[in-house]
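Each in structure tokens, the structures are laid out below.
The same subunit A turns up in both complexes below, where it pairs with subunit B and then with subunit C.
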Partner chain A sequence: MRVDTSAVPSGRTRIRVPRYRKRESVKDFLCVAPALAFFAVFVYYPLADLFRIGFTNWNLIRDSYKFVGLKNYKWLFHGSGLGTWLSSLRITFSYTFWEIAITLIGGMLLAALFNRESKAFAAMRSLVFMPKYIAVSTSAIVFMWILNDQYGFMNYLLGLFGVAPVSWLNSEKTAFTSLLILTGWRVVGYGMMIYLSAMKGISKDYYEAAQLDGANGFQRFRFVTLPLLSPTTLFLFVTTFIASMKVFQSVDVMTDGGPYESTNVMVYWIYDLAFVQFRVDRAAVVAGVFFVILLAFTAATMKISNKNVHYDS
Partner chain B sequence: MATDQNARNARAKRLRLLTTILQYAVATLVVAVVMFPIFWMIISSLKTSEELLRPVPSLWPERFHWRNYADALRMAPFGRYFFNTVVMTAGIMGLQLSIGSFAAYGFAKGRFPGRDVLFILVLGALMIPIQVTFVPIYVMVAKLGWINTFAGLIVPNAVSAYMIFMLRQTFKSVDDSFLEAARLEGMGRFGLVFKILVPMCKPTMLTVGIIAFIDGWNSYFWPKMVTTTSARRTIAQGVYELKRSYAGLETMNQNQIMAGAVMAVVPIIILFIVLQKYILTGFSKAASK
Partner chain C sequence: MNGRRGCMAAIALLVAGGVFCVGAQDAKKYEVKSPIQIEWWHALESQYAPLIERVVADFERQNPNIDVTAIYQGSYKDLNEKLIAAQAAGTTLPAVVVANTPYIAEYGASGLCEVLDPYIKATKFDIGDFGTGLRAASSYDGKQVSLPFLISTQIMFYNKDMADAEGIRLPETWADMDAFMKKAAKSSGGTVQRYATVFPGWDQWYFEPFFLNNGVKIVNKDGLSTDLASPKAVGVAKKLKQWCDDKVSYWAYGKDASSVMRQNFMEGKTFSVIHTTSLYNMYATNCGFKVGMHYLPGASTRDSEIGGCVLLIPAKNKQDVKNAGWKLLSYLTGKEVNMLWARETGYMPTRNSVTKTSEGKAYLAEKPAFKAVFDNLDHIYPRIQHTAYSALSKIWMQELAKVIIEGGDVQAAMNRAAVLIDEALED
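Up next is the complex of A and B:
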């Protein structure tokens, strides 16, 4: 039996949104719409497309392609791609480890050294910080000249101490170190600046209290400065991790991933697969897996650090 | 007893002086090491090829060989690189700042259903770098016919999630009453953003603007993907292109390559020196978030 319920008030009362408010909402939404459209087209769609391409046999030479299921994943995890993938992962993580270590430890040491209020020190601080703002590709070319086997200043300098010339970029033993020399030069001042600005924010009361308790300089650093800087350390850790996992420029300019793939970091390998070997399908799979690794590590870091970071409340 | 005290004070004073001297010395040494590559770049750019390749390098050129700069300019179209870089950087900056300001307003002060969920999409974009997604983006850009065009260089960088995040934080701190008052006077969204919020948050705007400028100017990865000829190459690629143009004869032409590097680096160094105050506050702000 049908009952006409239109006249009966329903159980839930509907909150009426005034029409002008609705119009305002639409206008507010329109403010964020261009940005959202951009992220949809240039971030999220490509990410989805990446995984789609990974299931095809597409290369840049052919126009047509067909879906081949898990073939590219098999190539990566259980085929000829595995060896290169593992070595590339190792190189990338090792590079990231060193860049983080240099940023955190070097940055902290320099922060302690340059922590002095004076015009001279302010000027010196900005000089140490400056390399970060010079294009990596250009810095890399300058460092290649300094690290030149025959005429480079580095080998000349080492020669003064009786060290035999090192073939920096042309040997698989030292190419990676050469990258790290450039990286260290670029990032150490950045770490210093971030730590210094955080150290300025620490209240003097803590130090006075520690001094009253008889803490010496080292103890004050160890038990006051260090714990209170832990949010800064986390910030540097996470941002440096994400930035250094993406390393490309210095490798592209200085080593082309070589010699013998000794500097074949992940992004360089993806680039090489896509634009040198034209295996877009494989590049897509490697990039997709790389993205998952990045995401997992960042999430894990955040989770662990939430428990261990001290916040000054 | 008093003299004992004096002696102790004197010793403490001497120790403090010694630490100060030591601090200055070590700091100066660090600065010298960090500045050396820049010094060496400039010095090498002014040497003749003969002086450049001596077994014992000279720390100062015998005479300034300015011709290297003219030669470098002949080997690679630096004027073109500069023009491309300026247009690309201006385009990226302009789009990022305008689209970013509106979006930040919407996420900070706007009221519409799903606002905070949609903001998570913005934060998520921070986790998806172009180094992961460049293959599909390249395919899309190629289909649009944007290879070797300014559109190809600029559009995939037109919005920065990081900038929206920073601006949203700042816009949030502006009291609603300013916006309400302006709205009562009949001001629209455009006015609210560009006449109220942007002027009130000038330091942050400057900081994110400078960061956008430097990132654009120095960008290498995407410009490399999307350009195949020097017609649209940018300055960050330029020095590398210059180096490659000597195919096999790089070593003896390092002076010209360094001249190219100097030309590429000078604008950014000047900018850094002039604007470092804003760069520094920007970083401490980012770190405290």
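Up next is the complex of A and C:
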């Protein structure tokens, strides 16, 4: 086959962009300019400033400060901050793992259970989803009382079965679990609703075809529902990952990062450094490093998911 | 001779006139010359809203040029966050703001507060009427950076009916504590029926006096190290742990520890609690028995520390805002309203003259439990001022709570705390 190359400009010849295209480009840019300006002022500038503050000794109150080079990074990676950083990172990842597990597994199971068309199921779905409407701080205060070791409902309930009172929020063995109880109560309904809407979007033809091929209920779920839910799973995974890594409110209300730093998640530590210890310089370094970790994990997730997510439905 | 005398008198008159003129000029510098609107940020919850409205309305009547908006900004912690944010931004700063006493060291060191000494001097504000301790607690580096506002101290609240009925003697010294614990606590068949007292472990301010009165410095003279691993400090910690292990007391720790402790006291599950004097009204109103206050037992000394809050003017404000702020600040801490705060909030009167007036005597007749505080006013000192004190207290609190509640070796725990605290102080 011969290709006609006469219209292709040779070597250094510049391609002339038609004038209307240029006008369109300017128009496009003007359309996104307000959003870009907003991001520049409220996201990118604070982010850049965060990294700048990490190289200073500013405490947020003083007007003057000095540039101290890598001193704050040394404190974090080679100094007294390392132990707390590693422990906080472990706690944060652990919390994230459990929140993702509860959202994905619990949400999917509940969605499979409640995927029925009746008023009773609609009411039950609403009940399960309702906690998501309640503010985290409000739920946290209620759970503080439910989990109170002397006056709480949870220990009263356990007492009926002869179980000794548990110091839910004041023991380092149970405080983390207590946070997860609140988290599970709040997020499982959200996972269910997202999965339910995705399930309703799967064409019935796939199930009929699978049934004709002799697939049983589990096989239909495993080979039809699960792969076709993968975009939803990816969406839930990424959004839950980012949200749970930034957990703060429930920790602030229920435990203050304690007891004995057993719930000292990363964002709470950043807050504590900045506003309790007046070390905004160190808080900026921890926040900057945390941002890079989050970015890397999200990018890696997106890359890996491209191979495993099916958008066929 | 007469001429000489006349000359001297003329010079004296000139000097006196000059001084008067300079003083008057200084006072003029801080006058509010045109109408102005200012904000006062505070941490007094909704139950105090009518009182605040009343005080602000009275102030505005006396100062028609100044329009005050009093804004409740949440707890001391919330208030600190908002103040720091406003300070960093350099805008939206209030003219006057309340601050919990431990923040004064960091605020003072960072230049957040306006130095009030020139205002005090120019307007002849009676600063000497506050006790030495109160003045020191609201100063930083010898400068008056704030003024005492709602002041409290640590105290032991006890069930007076129970004490009278059972003849329980309250401990005057650390050495009396064992006998007191034995007498006031009750158990049956290994089950605790009543604790003798409760130690609030959620805030180091409450247990700090036991260490200080036993000769522990907490921050050594060099300002860079602690003596919390010393035999004296470990001895106090061991004793506290022993009482908790013996179940004659418990270590209240965690976010809800304060409310649970109050509930336990109201329900008679503990004979006494260690808390802040500012909660006297709350205890007296909600307990179905007479509530007494007992000054904390001493050892080599018998001192307590100042708590509560002070009032300050952010230095970044414009001069006209600072002038109006000073008017409000001096009014809020003045003699006229001092007793009003004390009577209606449960905080202590802060002015010496007020405690000696008929109003002060009437206050004591109304709240006789406060005699324990009035008798010891000279023994109430400021907290330790160090910019790293919040980091220090967090480490200390955690290690002490862990070893008392979860168990372990006290010396090892205090050693661990001391290493971390030394690092924080050196920083």
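Here is the rule we use: the second predicted complex is superposed on the first by the 274 of 313 C-alpha atoms of A that agree within 3 Å, B and C clash if a C-alpha of one lies under 4 Å from a C-alpha of the other, contacts with A are read in each partner's own complex, and residues count from 1 in each chain.
To be clear about the criterion, a residue touches a chain if its C-beta (ideal position, glycine included) is under 8 Å from a C-beta of that chain, and two chains touch if they have at least 3 such contacts.
The structure presented is a predicted model; accordingly, all values stated were derived computationally and were not measured.
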**OP:** Sticking to the clash and touch definitions up top, decide whether subunit B and subunit C on subunit A clash or fit.
**Re:** clash
Subject >> subunit B versus subunit C as contact partner of A:151, first or second or both or neither >> reply: both
Subject >> Which superposed partner A:169 touches (first subunit B, second subunit C, both, neither) >> reply: second
**OP:** With both structures superposed, pick whichever of subunit B and subunit C touches the larger number of subunit A residues.
**Re:** B
Original post:
Who does A:198 touch here: subunit B (first), subunit C (second), both, or neither?
Top reply: first
Subject >> Contacts of A:80 with subunit B and subunit C, given as first, second, both or neither >> reply: second
**OP:** Go through the superposed model and pick first if A:261 touches only subunit B, second if only subunit C, both, or neither.
**Re:** second
Subject >> Partner chain in contact with A:277 - subunit B first, subunit C second, else both or neither >> reply: second
Subject >> Partner chain(s) touched by A:44 [first = subunit B, second = subunit C, both, neither] >> reply: first
Original post:
First (subunit B), second (subunit C), both or neither: which does A:116 touch?
Top reply: first
Original post:
For A:63, is the partner it touches subunit B (first), subunit C (second), both, or none of the two (neither)?
Top reply: second
Original post:
Once both complexes are aligned on A, which of 99-107, 243-251, 261-269 or 279-287 in subunit B overlaps with subunit C?
Top reply: 243-251
Subject >> Shared contact residues on subunit A - subunit B and subunit C >> reply: 145, 148, 150-151, 253, 275
Original post:
In their shared complex, at which residues does subunit A touch subunit B?
Top reply: 24-32, 34-36, 38-39, 42-47, 49-50, 53, 110, 113-114, 116, 120-121, 124, 126-131, 133-139, 141-143, 145-146, 148, 150-151, 153, 156, 185, 188-190, 193-194, 197-198, 201, 232, 235-236, 242, 246, 248-249, 252-253, 267, 270-271, 274-275, 280, 283-284, 287-288, 290-291, 294-295, 298
Subject >> In the complex, subunit C residues that touch subunit A >> reply: 77, 80-81, 84-85, 87-88, 106-107, 110-112, 253-257, 260, 263-264, 387-388, 390-391, 394, 398, 401-402, 405-406, 420, 423, 427
Original post:
Quick one: in the complex, what on subunit B touches subunit A?
Top reply: 23-24, 26-28, 30-31, 34-35, 37-38, 40-41, 44, 52-53, 55-57, 99-100, 102-103, 105-107, 109-113, 115, 118, 121-122, 124-125, 127-129, 131-140, 155-156, 158-159, 161, 164, 189, 193, 214, 217-218, 220-221, 224-225, 235-237, 239-240, 243, 251, 254, 257-258, 261, 264-265, 268-269, 271-273, 276, 279-280, 283-284, 286-289
Original post:
Tell me, which parts of subunit A touch subunit C in their complex?
Top reply: 59-63, 80, 144-145, 148, 150-151, 169-172, 253-256, 258-261, 275-278
